[in-house]
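Provided herewith is a single structure, encoded as structure tokens, for subsequent inquiry.
Chain IDs A, B, C and D follow the sequence of writing; residue 1 opens each chain.
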Amino acid sequence: MSVVTFPKSPVQTEMTPVFEVSCTVKRNDPVNGEYRQLVLYAPQSILDCAPGQFFHLLCPITEQLQPFLRRPMSIYGFYPEKGELHFLYKVTGEGTSALATLTAGQSLNVLGPLGHGFDILPDWQNLLLVARGVGLATLAPLALQAHRLGRNLTAICSARSEDMLMSLDYFRDLGAEIIPITDDNGSSDMANLRHIIEAKIADTGIDAMYTCGSNRILKLLQTLGEIHNIPGQIALEQQMACGIGMCQCCVRAFRRDGKTVNERVCREGPVFDLQEAIGW
Amino acid sequence: MVDLTTQIGSLTLKNPIMPASGTFSEELAQLFDLECLGAHVTKTITREKRSGNPTPRVCEVRGSMLNSIGIPSKGLDAFKANVIPFYERYSAPLIVSISAGSADEFASLCEDISVPGVAAIEVNISCPNIEEDGKAFAMRPSTTYAVMQKLRQATDLPLWAKLTPNTGETTEVAKAAEEAGADALVVSNTLLAMAIDIHTRRPKLGNLMGGLSGPAFKPIALRMAYQCAKSVNIPVIGCGGISTVEDVIEYLIAGAVAVQIGTATFLEPKIMVRMIDGLDAYLKSQGFQTVGQLVGSVEDEEASDGLVFMEAAP
Amino acid sequence: MVDLTTQIGSLTLKNPIMPASGTFSEELAQLFDLECLGAHVTKTITREKRSGNPTPRVCEVRGSMLNSIGIPSKGLDAFKANVIPFYERYSAPLIVSISAGSADEFASLCEDISVPGVAAIEVNISCPNIEEDGKAFAMRPSTTYAVMQKLRQATDLPLWAKLTPNTGETTEVAKAAEEAGADALVVSNTLLAMAIDIHTRRPKLGNLMGGLSGPAFKPIALRMAYQCAKSVNIPVIGCGGISTVEDVIEYLIAGAVAVQIGTATFLEPKIMVRMIDGLDAYLKSQGFQTVGQLVGSVEDEEASDGLVFMEAAP
Amino acid sequence: MSVVTFPKSPVQTEMTPVFEVSCTVKRNDPVNGEYRQLVLYAPQSILDCAPGQFFHLLCPITEQLQPFLRRPMSIYGFYPEKGELHFLYKVTGEGTSALATLTAGQSLNVLGPLGHGFDILPDWQNLLLVARGVGLATLAPLALQAHRLGRNLTAICSARSEDMLMSLDYFRDLGAEIIPITDDNGSSDMANLRHIIEAKIADTGIDAMYTCGSNRILKLLQTLGEIHNIPGQIALEQQMACGIGMCQCCVRAFRRDGKTVNERVCREGPVFDLQEAIGW
């Protein structure tokens, strides 16, 4: 492959502390029909996070819902200044349904921050982020970080319909250029998405691309990355038990140096090099 | 002051709490000082590199979990180069878990892993092997005896035999391991189980079936630990579903001299630290001077051998 | 209209939901009309009167229970005089569960219970017996075959063999029962387990150990039901930990043609009625015409025999 | 034995309906340090009870407490007129601790009424009730029944200390004669209790005796019953799984016709003949 693969940032050192703490819920409100935003009061110690990292949540046990394992959840926002940790989640099964029952004042045990987050190398000025659905949760702190570092960010936000588009204001307030696309009006199809990105490359240029969640978007960005020699990163998901690297249940296969290697999503990931990722 | 030390053959552990193989690794040092543990037990390794089973490798069932991780392994050389040196910083003994497809390969791996820095070898004789129709060695007393004897000849280090709950001959297998020279028994590995996603109709594990661990498994493993403690003279290390300090105490009362903690660490990574403190507090509150006074203190005087060694539910 | 009937050999059940032996009796008629059930299965009886095990006979463990009821029995004559007549008012078939200490006594009880009003005999070959060192017949293929052959000769009624999860040879035992003439397999009875009260240090059951049933047991029994359905051609009746209609569906997908509900009835006495309705609703919602279309529909095409019949967790 | 054993009332017929219903909690208040009173709004159908019967309660599941089996609880009061069902319980373990978390408006699934209650035969005018601790819960509805039937009731209430004596007002309001005895002032010892009862026999006479829970009281009443030829009944406890007669876990041994017989506490009991009961 001719494309530059993404230079790996130094591996998280063995001893980077990870915390298991109980946080108090500040609020847990619906964002739209399927998504909720959970805001926790968190101690400073756990707010030394990087965008793309996640926490492993011990969901509450209720009369109806008895999730067993923890549930991994990307950091949607971390605010050391106000002592808050935010998650944006989709209610899918037992664990997230249990999360949805939490109300202000209740406590939630969280484990983290975990994993290897997104990198923004010093010479990357123009960043592109392509997010769909709950992927926004994962990519949002990247926008904040880009803003803090003074980089230009274009966020292409994809959803089924106009009203499922979340966080547009969040991105806008951070000075990002927003390009909403939806299935409803056909703007989210791959041909149009490619068109939009290639126009952007031709216009200001793109130094790095970030995405997560969608197989088709991954394929498209890999192609574009290869053609235009643009590095990128993707956040991936996998079932997790321990979340910290002990159990080896969360592996995914990656292409590296012509070989297939297994890496732990919780430990080497969840953010991986865009070109090394294998579609699913 | 309560004396928490426990003796496993020639090894003295500063306390009876240690992790179970496959549920522990260097990364846990990010959460607490691993020095506090009674011992360190590593994930089973094989000599060759292996990639393990297809995903999904875990799923949850009511109040517990199944796993079919398999034995992904970076191989013997990588293990010696990276893992053993990591644990050298600790005084807690390092127990290395190994497995192999045949008795001879097993013995040769056992020999090659008997290196400085390794305090004992836990032999995982409870996963399927290539001889004997793929049955695990620990399914039968005869195969247990055969492999343990070869292992015994291969090393001078203490050998801990890890049993399987899938056998119908728990006590016979335990005795076979003892006779063949095991220094301790670890009771036990996971129990074969299955779950199907009713929406997709696919098995929830990529490998079709997997091992049950966690709270649901506790009464079964506790029964086995009790039966083994009654039938052999070597120490029994209890393992299965231990999630609270009360569970630790229950295993010790049943006759285990130490315990291994697996699944519980996934839910509460610092649970072992809390168990050590909790055990200390409990012993104090009960007026015990040593943990040994608790071991095997189950009030079962009246129980006949027929009951103790029964193999089906009454 | 969905067709809920299921065929177990020569018997047609109006739906695949029936109670498990020992967790059902005439008293349940106080809560709902027993006619709605696929079949009625009575508590195991022995020929002679027996008083059962010492109390406490049940205890709870995390999310499940243990029991060591044993087989208290009013004896054959009382059973014929009182119990069989009670069930004559229903058209649902009556399945009588029996047990005995030796193969010959078993066969003679089987013969004597083959009377009008009894639609099939469930043989509880999974509790300890006096031959073979107290091992249950169903612990080994050889003893299973031996007793089942005698039973086969003793009756013309359909014979359901109830297996034990305590064996390490599930599929071999299943095949032995089939070869010896069983008409169906019930998979399975409870799994031997133990719990100790850490305050008194006494076993929580009067009989030291007992059988695990309920949700914790489900993944184990489901695995066995799946393995049995794959290895024999006679129908498999799933039993173990079924608490919700989703659990019923999971067993049917795994290959069971019917299911037995035990412990769940203790928590929700009308659960079987709800399961029948729920199954009907589910089949409708999925566009199935018959329950048979669901049976064995597990998506496991790729799984090799090595996986299906494995006997220890990977 | 020369004593008349208690004539058994007609066995509950096979088809007496039993109900499994969800009730709403009206209140659930502490009575003293260890006991709580639970008041449920209950449908009429389940309020056709007899004193001495019980319900089998599906205790709630909470984050900390996950009782599995139902818990048997005597009916402390049943009031068809106001649609209420009362329980008086002692917080002992997981199930009762879970019960204690219930608050007004929550629901509780109950199964019942179950078992064979106390009998008050037509010609019994003077009833004696000896209760200790939570035994009051079981014997209270008997007092109410006696009151409804216009019988004279003497209630000897025993407890560790003065402040642990519960329900005295309850008994008093029903016109019962109350004799409180406590360990603290020594009045509860067996010699004194015997003295009190024999005085009562000598005075107005006693036609039937009822008790529950205490082994020493059982022995004493058996002796007095035999000497003075007074029938009696006792409510017994045993671990229960099903509560309705299916599982046979709740058996106790009884002396009958010179033999020992096992009977199910949930079905043939929980109320048994005083003389047939075997101490423990």
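FYI, contacts are C-beta pairs under 8 Å (C-beta built on N, C-alpha and C of every residue); 3 or more make two chains touch, one makes a residue touch a chain.
As the structure is a computational prediction, the values presented were derived from the model and not from experiment.
Engineer: Work out which chains are contact partners of both chain C and chain D.
Structural biologist: Output, common partners of chain C and chain D: nil, no chain qualifies.
Engineer: Just grab the chain with the largest centre-to-centre distance to chain B, centres being mean Cα coordinates.
Structural biologist: Between chain B and the rest, the longest centre separation is with D.
Engineer: Can you compute the centre-to-centre distance for chain A and chain B, using the mean CA position of each chain? Integer Å is fine.
Structural biologist: Each chain reduced to its C-alpha mean, chain A and chain B end up 37 Å apart.
Engineer: So what's the Cα centroid distance for chain B and chain C, whole Å?
Structural biologist: A distance of 32 Å separates the two centres.
Engineer: Taking each chain's centre as the mean position of its Cα atoms, how many Å separate chain A from chain D?
Structural biologist: Here the centre of chain D sits 60 Å away from the centre of chain A.
Engineer: Chain B to chain D: how many Å between their CA centres?
Structural biologist: 48
Engineer: Where does chain C touch two or more other chains at once, residue-wise?
Structural biologist: Where chain C meets two or more other chains at a single residue, that happens at 61-64, 67, 69.
Engineer: Chain D: which residues touch two or more other chains?
Structural biologist: 66 - these are the residues of chain D that touch more than one other chain.
Engineer: So how do the chains connect up here, line, ring, star, complete, or something else (other)?
Structural biologist: ring
Engineer: Between which chains is there touch?
Structural biologist: A-B, A-D, B-C, C-D
Engineer: In their complex, what parts of chain A are in touch with chain D?
Structural biologist: Listed in rising order, the residues are 60-63, 66.
Engineer: Please output the residues of chain A touching chain B within their complex, sorted ascending.
Structural biologist: 14-20, 58, 66-70, 111, 238-252, 262, 267
Engineer: What residues on chain C touch chain B, complex-wise?
Structural biologist: Contact set of chain C toward chain B: 53, 61-64, 66-70, 126-128, 134-136, 138-140, 164, 166-169, 189-196, 198, 200-203, 207-212, 215-220, 222-223, 226, 241, 243, 246, 249-250, 253-254, 297-300, 303, 306-308, 310-314.
Engineer: So in the complex, the part of chain B that touches chain A is made up of which residues?
Structural biologist: 22-31, 43, 51-52, 55-65, 67, 69, 72, 86, 214, 263, 265-270
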